[in-house]
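The next block holds one structure in the form of structure tokens; read it before the comments.
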Amino acid sequence: MDIVARLKEQGITIPPASKSSNAYVHVRQVGNLLYVAGHSPKKDGQYPYMGKLGAEVSIEQGQESACNCVINCLASVQEYLGDLNRVKNVVKLVGYVASVPSFTRQPEVINAASDLLIAAFGEPGRHARTSVGVAVLPGDIPVEIDMILEVEAV
Amino acid sequence: MDIVARLKEQGITIPPASKSSNAYVHVRQVGNLLYVAGHSPKKDGQYPYMGKLGAEVSIEQGQESACNCVINCLASVQEYLGDLNRVKNVVKLVGYVASVPSFTRQPEVINAASDLLIAAFGEPGRHARTSVGVAVLPGDIPVEIDMILEVEAV
Amino acid sequence: MDIVARLKEQGITIPPASKSSNAYVHVRQVGNLLYVAGHSPKKDGQYPYMGKLGAEVSIEQGQESACNCVINCLASVQEYLGDLNRVKNVVKLVGYVASVPSFTRQPEVINAASDLLIAAFGEPGRHARTSVGVAVLPGDIPVEIDMILEVEAV
């Protein structure tokens, strides 16, 4: 079944990929693995929430941010592959949550990202995962996510 | 030589794997690589130590926690593979140590995890490693570890 | 073109690899992938800068540290492979920047590492990347970097 259609059922449209930095690329393939760079929760050219979980950013805002990170990852993958349906499996996800030292609910935040991937890809979207609370993230974003995906062998 | 027997010589029994979350899996295979999710130092259904290195948790307690993380990783791998002896090499380990900003001895903490893997697997247990001090970890655990293992080609 | 020569054009000489710890290795190969352990910015046996970005360490010092981390990664890879020219692609880089919670310019710090890789390897040096701000790093170093490289199939 079509991934983009499944995402649309969730009310999600994949935006155009953000412009790559000069210093690195958003997706790097080696064999049938795609390494997806750490993506931010930028939406419509802006950051809806800034700051840390446990301070300025609520759990719900963190979850929305985690979803936006995944959507941005998928936008980069769609641009790279041309067709998201070439993704066979989600292998690994690392969720970095900007956290004040007393905030300990990182998995609840990152669950929103994982749930979105399973809604989009079904069982093949189920991945190994690591969630940690970091001191601060680039540009004061609350969540950053990187992934490893498997694509069909060429 | 049998991995479970080698671990028993170290006084270590692999417990049953903890239940998987709905959102992600503990082990994901792609080709001959196993991506093992970030595991906590839970033991007998409880967390022996909570908090951060440099505050509530001593180096020794951190080392014990690091070992428990590895044991829980191996429990998940045993459940996934059926037989730990199918592990051929330990490739990579990332050790996240919840740290107050003045605690700088993360490698000593994670050495306990690395030493345990070498005791269990011998030379093939020797891995590339990254140790960092994070602001806080899920549920206030002091250490979280994820790994990449190589298994025999099918 | 020769990688060591290209680095020399940048004024960079690859030093001898630092001694491996007993607990882990600096490089682990699986198939055509090299997992390079987290490396520190040690230079000539010393740490030129210690502490965190946003406090004791300036952006420029952080960038110099990021370059030293990459140079130390490459030193380990050269020792492992015998010849840096066997590196085919830089696949992934994770840059951990020890940061006070208000420092949000991690990408500027890690750009120096990425730029160095592109100067050395050309387009094949362009990688997927993740930059995060961690609470503290081993021995109070300001930057730690690990990488995944692709080598020619044997």
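Chains here go by letter, A, B and C, matching the order in which they are written, and residues are numbered from 1 within each.
Just so we're on the same page, a contact is a pair of C-beta atoms (placed from the backbone, for glycine too) under 8 Å apart; a residue touches a chain by one contact, two chains touch by 3 or more.
In this text, all values refer to a predicted model and were calculated from it rather than measured experimentally.
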item: Residue-number overlap at the chain A/chain B interface, same or different (half cut); value: different
item: Inter-copy rotation, chain B to chain C, in degrees (Cα atoms; steps of 5); value: 120
item: Mean-CA-position distance for chain B and chain A (Å); value: 25
item: Chain B residues counted as touching two or more neighbouring chains; value: 31, 100-101, 134-135
item: Residues of chain B that touch chain A when the two form their complex; value: 21, 23-28, 30-31, 35-38, 52, 94, 96, 98, 100-101, 134-140, 144, 146
item: Touching residues (chain side chain C, partner chain A) in the complex; value: 31-33, 89, 91-93, 99-107, 110-111, 114-115, 118, 126-135, 148, 150
